[in-house]
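There are structures below to look over.
You will see subunit A twice below: alongside subunit B first, and alongside subunit C after that.
Here is the complex of A and B:
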């Protein structure tokens, strides 16, 4: 069964077509890499999925329910977790508060399901290897640590679909491995993940399927090895 | 010492108004230029309920706050909500229009005469040469209690964390499931209630006249610009600072026998705005980003 389905989704802004007839299904537990040159519409597609933009035409289904017009905060409560390209953390809040605020935003029944909040906050920081810094301001962390905090927070807040926008951007090579480990943990837990990434070896390492976008259209889809070796991909990136 | 007490009184009044405004700017990014009129509406509504309708004093005060909340809510729905997401400057224009409409309504309903909620003689006390009325002591204490409550809510409750999250990263907060639009409306109403409280105290401590709106707005803006736009605690600190400097400037003799007439005290707030915009536009406490 598909967890997420896009049917002929298009977006036009100021007479400029940003996304053109995008359709694909995402199965429960699948890890999908979304690649394409700059300006191909990857982040716009994430903005459509998380509800910050509304498609001009087409529809988006989540668990067979049409969510095309559902507001972003409600989508988050339905189970959409987003990791932003430019560190979606609250820099003037402590690490502990950063996790707590995410847990407190969950619907009450989901919060109860997850168990004791203090323990969950501890477990999240532990997972991100950041427990010793629990009382420090998040703004004092390195880029990699911020990314780990953001992913761990999304991971423990009971989300079902993860939209990770360039999770290794601004992260040191050592930390990139930790980010990859964390995404693997998501996969092991049966979570569904969509990742925007420019690092093809990273994508090949963790994704089940890769979708290639170019000028707002899906031009290629398949397993990472097939896509990496395809002539179309070389054509898109190198002309 | 007397000017310190006067500064504390004027600062408490300004802090109430500037604090609400700083929260609104921090969360919505909106400068509400009808703030002074909202202050007056709180004061006039309480005066009308107490002096004209002759309701008990406490009920009149709560009535004034409720009317302040109602006016803020209607203002938000009509003059802010449809515009603030479209362009940052639109609410500036719409709230100027709102201030003109409210000015007209105030003049029409309450005329130009000065109004005082408690016109009888104030009970004055004297501590170490400082003369202060019981009403002024209540204003200082009320503001302190309110600030402590705000500190607790902002830093120790789930609701406060949500507010701070929206101030520091609205998209991230929304993507976590926080409903920012309803927070926006709530905070705008809260700032209206705080402004109304300011107006009520103004009407108790002094007289209220329709011309007071502009100086009140200027003083509140001076506090939030100097405190760092959107920085709640910065605005509170600067509201007190400006009040102390104002009182000091008019309370002492300069160069022997020369003193600054009381009417010029507003200049201090304007100088604050000019100085900070020129030399430290991000304010005393904030970096370039909005904070709470």
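Here is the complex of A and C:
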């Protein structure tokens, strides 16, 4: 059974077609890489999935339910977890508050299910290797630390579908390993993950399947090695 | 002694209003310039009903009803409009409310105002009045303090910093804004009730820009979003406002001196906080 399905989703903004007839299925527990040149519409696709944009046509199904018109906060409560390209961390809050606010945004029964709030906050900071800085403002973190915190927070708040927008962008090479470890952790726990990435070896190492987007269209899809070695990919990236 | 009680009463009904406004304007960074519009509508709702029915209970209930309607309307505006349009629109709504009240003379007595407002019988003496408003203020402050530190406070702060990030965690902006505006509405109901039974007179002049400036100034001077800072600012500004009376000045000069003083304070406060006052909501 597929967890998420897109049926010929198109988006036109200001007479400009940004996504064109995008369809694909994502199975429960699958890790999918979404690649494509700059401006090909990857982030826009995530914004559609998170509910910040409404498709001009087409529909989105989550657990067999049509969620095309569901607002972002409700989608988050359904289990969508988003990690933003430019860090979705609240810089004016402490690390602890950053985790707490995510847990508090969950539906009550879900929160109960997850267990004690203080322990969860501790566990999250621990997972992101940031426990000593609990009371510090998040604005003081490095890019890599923010990324780890954001992914850890999404994981402990019980999300099921992870939308990771360039998780290694703005992260030092050393921390990239830690981010990769964290994503493997998601995979081990059976979470479903969509990753936008420019780093092909990174994608090949971690994903079950790769979808290639170019000028708003799905042009290629398949297992990582197939896609990496295909002539079409070289054509898209190098013209 | 009576000056001290007078100050206590003013603080008692002003402080909850300013702190509730701080929740919206300071913590939520929502550019709401309509609080005096809410105040005017609720106060008139209360006292028109009170003068016609002589029932305090009915008056308060009707005030609550009107405050709920107007608060939800402002909260709806805050969801639909960008910050700058909201600022202008909320001022326009404020003015519209005042114009309606001034011209609906058959109900509101227009520019003449509503005189001879009665007090609750046990609050006739200034001592009792001061005691009751102080108790009310303490309870409301305790509630606001809890709200400020609660998950609701964090949600408001998260939405203020980056609404997309907040929504993608599951925070419902419509719900959070509605609660914040309702809290301010309730502060206006009780604040208005105490204020005009204290003064025994209600007039549209009470809801002019001076009053709006006073509230905004208190929040800005006290540091937007800071519970302690704004509390302190309100107390000091009320002392200053009432203290100016003791300077031997001709009555005609007193008003302008007060306005100029407050103008200067607001200018200095805004200048000092010019970088942090309204940081653009982060877009990335």
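Just so it is clear, the second predicted complex is superposed on the first by the 239 of 239 C-alpha atoms of A that agree within 3 Å, B and C clash if a C-alpha of one lies under 4 Å from a C-alpha of the other, contacts with A are read in each partner's own complex, and residues count from 1 in each chain.
Methods note: contacts are C-beta pairs under 8 Å (C-beta built on N, C-alpha and C of every residue); 3 or more make two chains touch, one makes a residue touch a chain.
As the structure is a computational prediction, the values presented were derived from the model and not from experiment.
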Room on subunit A for both subunit B and subunit C (clash or fit): clash
Which of subunit B and subunit C A:7 touches, first, second, both or neither: neither
Partner chain(s) touched by A:97 [first = subunit B, second = subunit C, both, neither]: both
On subunit A, positions contacted by subunit B and by subunit C: 50, 52, 71-74, 76-77, 80-82, 84, 88-93, 97, 100-102, 104-107, 157
Interfacial residue positions of subunit A with respect to subunit B in the complex: 50, 52, 71-74, 76-77, 80-82, 84, 88-93, 97, 100-102, 104-107, 157
Contact set on subunit A toward subunit C in their complex: 50, 52, 71-74, 76-77, 80-82, 84-86, 88-93, 97, 100-102, 104-107, 157
List of subunit B residues in touch with subunit A within their complex: 158, 161-162, 164-165, 168-169, 171-180, 291
Interface residues, subunit C side, partner subunit A - complex: 151, 154-155, 157-158, 161-162, 164-173, 282, 284
